[in-house]
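Each of the next two complexes has chain A plus one more chain, namely chain B in the first and chain C in the second.
What follows is the complex of A and B.
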């Protein structure tokens, strides 16, 4: 873990204007994350918690309100114009919907070639060779280069989109639910592709998803996000085994068990209420409006991330207690 | 061969009246001066105001000029001036619309408020004002009408450009670090032009009326160039004695306008790829009419 992070996000906030003056949607609020080369990091949370916005802000599709994004120690938000474009190129984005993220007027070859041209590959022969190589790398036959995106299946399109982002030799890939638009049978293949790419190219992958099972299988570390904030962060195995934030516990309890008998007997806890509005987030802990363990002091101030075990931290005032007990809050809650 | 086939299927989807009138207008508009049987400005005062005959199929006007030839050549006048107006208006409109759609923010606000100003003044009044200042003539008419016409195409282009800019494949290009010029010229502009052209063609009928109106008022096409609006005003004194002279150019103009209007309507209503049934089309039409009424009531 001594290795320096390739991508470092510090206290990043993104907000959007609302119709009302002076009111903002705080989509991402004071988030800090780190990615190292060759690691896959999961980012999970329910819809609307700001995980996509975080990814889009990192690549510069949304403007950061405050905070910094460092790539290899260079602060990206400070750069402008050509230099910014060239630096930012090392962070690529894979979109959720492979249907609209490819231009339907271009063949796959043209799409990738354009990416190579943007990346500064001037010679036509080199580009042609590179297209074949990239297509091969993502598991597509080279004949695909003359096809239009509408002639491909969902999985093939997503592969082509990945090939396009690999064309500029990225160091970081931000994948925004890259498999949720795909058939179940295709998902595993595309997921394996990500695992292969990580090994071959030594890229860092931020894997945004709401399918917790997938994240567990693929990633080494996981960030759990709730209402614009990281509530828990830790090594995948550890976090899944012993989640130490009430929200993570809810989230993980929604993953079905593989064993049908346990699955049948399992009591599914329901998360009460809806996600509060990110325009006026609750004071103190963001989760307190839905938390079964809520106490008076939760509304006073935002809980600091508490380290519960090495590299595992949780932003809950009872984090250490929960971690030590190794018990789900629901069991405890029901017993009380 | 393939584009031809798809063109034919597209034409088959259009109302027959549109296909007939628009293609007649285009045919005479392009070939009129060559296929006109006689010189449209040759006068023969001994034959003035005659009805249809073997030599003059549609008769002659008050100066003994052949009406059929004049109608055909007038189609050419109308087509070229409408084409000019639309070309100039669309160049301005698409440029402004795409810039607004690309830049967003205050640039967009500024350009679109400018468009609002343009749209708030009736086009005929703008044209009259411009011609009043510059003086009547072919080019002043074309520029006056283009000046009145561009705001609409600017507004449509902005809408199209915004929708293109929001597509993930443009975002992907931005993430790849494509230069703004590449995004603008290679992706935004071609995409916008394609969609806006269709809408603009549908507007050609209104432009044809505007050309005829200005010529009717003596502010557009100047004699001796034959033009429908001008033929109408020439024939006006004989409205009671020889209505044929008024009816023929009036019919020609009406047909052209109906053709383009139905074309526009079909395009607007048939944006869904599937062809609509007669009933769906009717409800859609009612909706559009209802919406129009609501907005005009509110205003």
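What follows is the complex of A and C.
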């Protein structure tokens, strides 16, 4: 805890206009998160919960409505022009689909060189040396620099995209579903690359994904998001072992394990209703419309995050009680 | 007739010929599925799992000429060699389909009710008004709340989970005997996936249908399927009851694939277990074992002798690795059951 966070997001909200006047999609609503150097932090939640919008707002692909993003203590959204561009370069984004995130009319070498040029590397020889070094760092042979992205496999493309994002010496990588477009047998290789990069380059990684198993193993801490809000946050082992928000419990118990002896007769959990619209989110707790534990006071005000154990907090009025029980409220659905 | 398979595939080979290339995406695969049962077909992209199910039904891209050999029997009737007109009667009627992406499977400019009713008119010969009534029945069957109102809506007005339920309702409209679901939950969130898997399981039992579930998610397999076929590079490498294949995989590829799934017992921050190398690129049939370059057990012979499917000792599981099969006989690992 002694180390200052490299990236700090404070009370960030991002909203989008709808067709109607005065109505907005509240995609990210008053979210605060922190990342330290050399740390992989997971961000999980269902599609539409705002996790990608949060990532995109951090790098400046979306404009924040309110809130602040600090990089090494410098507030990014206050900067303008050249300084903003230079500072923001330290936060890079790795996209889900390496098929569309690379320019198919450039060779991999040209793609990386462009990033190096933007980073201010003037000498051609240095750039060439740097390209070889970056490709090596992501586990690609240097001959790849003369290939076009269409000549590479999905795993190789994603490695090339990672090499490009590393070209400007980032301090933070925002990885949005970086392995979900890859085949199962290739995923582990790319995940291990992230583990290596974190150590070698001391870079902080925000790992946005819906594969909860991958997130658990890769991340030291995890944020769980629901309808624009962080509902639970904690060290990943602790959070997965003892989720203390009804939504996290639901999410975690929805994943079928690859074990037919336990899965065959298990009733997968169900929730009432559908995800509410982020245009008109429920008052008070966002999850109350579907929560099996809902009480009258849940609609009155938003529950404050309650600390349930060191560095583990849950925004539910019954968080401590749930944490003490160490038992999912969806556990009755698990047949013995 | 009780034990007869709804679909029985024997030694199916598919060759695709375009003006420039010839590839064999399916190479001598056999499997079967019975009434009320679910067969999972697992493999990575390009392993042939989709082609193998769609090519015999005439569902291939235009401009590609498809050559089929082997046998595909649906309720005892041979499908290979059937005229397209005859196949069209089977497709969508006796065999229903569910595709991965519910948005592109639905017509965006037509109401939900019409899209379901259309299938009932076409396949069951119902009058438009009878078909509308059937659509309402179907939409109730797949558990869509507020069914009357939903029938009048357009696909974009529904969530991903509801859209997939509509796709399922359409697949069921012709009262199929076999349902082929190609990655039915891949585009959905885990929480919605749980609902759809539950629905499919329930429908299969209630309607006593056979189901083929094409997926790459072993969790989905564990929760839904009775039997499994594991595909690698156009060939089946292992086949058997899910209970056995998932808990005691025998083929080196199946072993590696199952081993690569992160477990809740893995320590946070440890390296991910995976496979080295890359899946082969589709091309000419491999004379040996396609997995050999990535296999720990590979010997020189593996590269030029094609491994045949053979039965594991004391088991109904069949797998295509003579090396692992002899190894299990020697060490007796195949015998504990």
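The definition used in the following text is that the second predicted complex is superposed on the first by the 327 of 336 C-alpha atoms of A that agree within 3 Å, B and C clash if a C-alpha of one lies under 4 Å from a C-alpha of the other, contacts with A are read in each partner's own complex, and residues count from 1 in each chain.
One rule holds in what follows: a residue touches a chain if its C-beta (ideal position, glycine included) is under 8 Å from a C-beta of that chain, and two chains touch if they have at least 3 such contacts.
Every value quoted in this text rests on a predicted model; they were computed, and no experiment measured them.
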Query raised in the report: First (chain B), second (chain C), both or neither: which does A:321 touch?
Result: neither
Report summary line: Chosen between chain B and chain C, the partner touching more chain A residues is C
Requested in this report: Once the structures are superposed on A, label A:263 by its partner contacts, choosing first (chain B), second (chain C), both or neither.
Outcome: second
Query raised in the report: Once the shared chain is lined up, is A:119 touching chain B (first), chain C (second), both, or neither of them?
Result: first
Report task. Classify the contacts of A:72 with the two partner chains as first (chain B alone), second (chain C alone), both, or neither. Result -> neither
Query raised in the report: Regarding the shared-chain residue A:101, is it in contact with chain B (first), chain C (second), both, or neither?
Result: first
Query raised in the report: Which part of chain A faces chain C closely enough to touch in the complex?
Result: 46-47, 153, 155, 183-189, 191-192, 195, 210, 212-214, 216-220, 235-237, 240, 250-251, 254-264, 266-271, 274-275
Query raised in the report: What residues on chain B touch chain A, complex-wise?
Result: 167-169, 171-179, 182, 186-187, 191
Report task. Give every residue of chain A touching chain B within the complex, in rising order. Result -> 59-61, 82, 85-86, 88-89, 91-93, 95, 97, 100-103, 105, 114-115, 118-119, 161, 164-165, 167-168
Query - chain A-touching residues of chain C, taken from the complex the two chains share - result: 44-45, 159-162, 189-195, 197-198, 216-223, 242-243, 246-247, 256-258, 260-264, 266, 268-276, 278-279
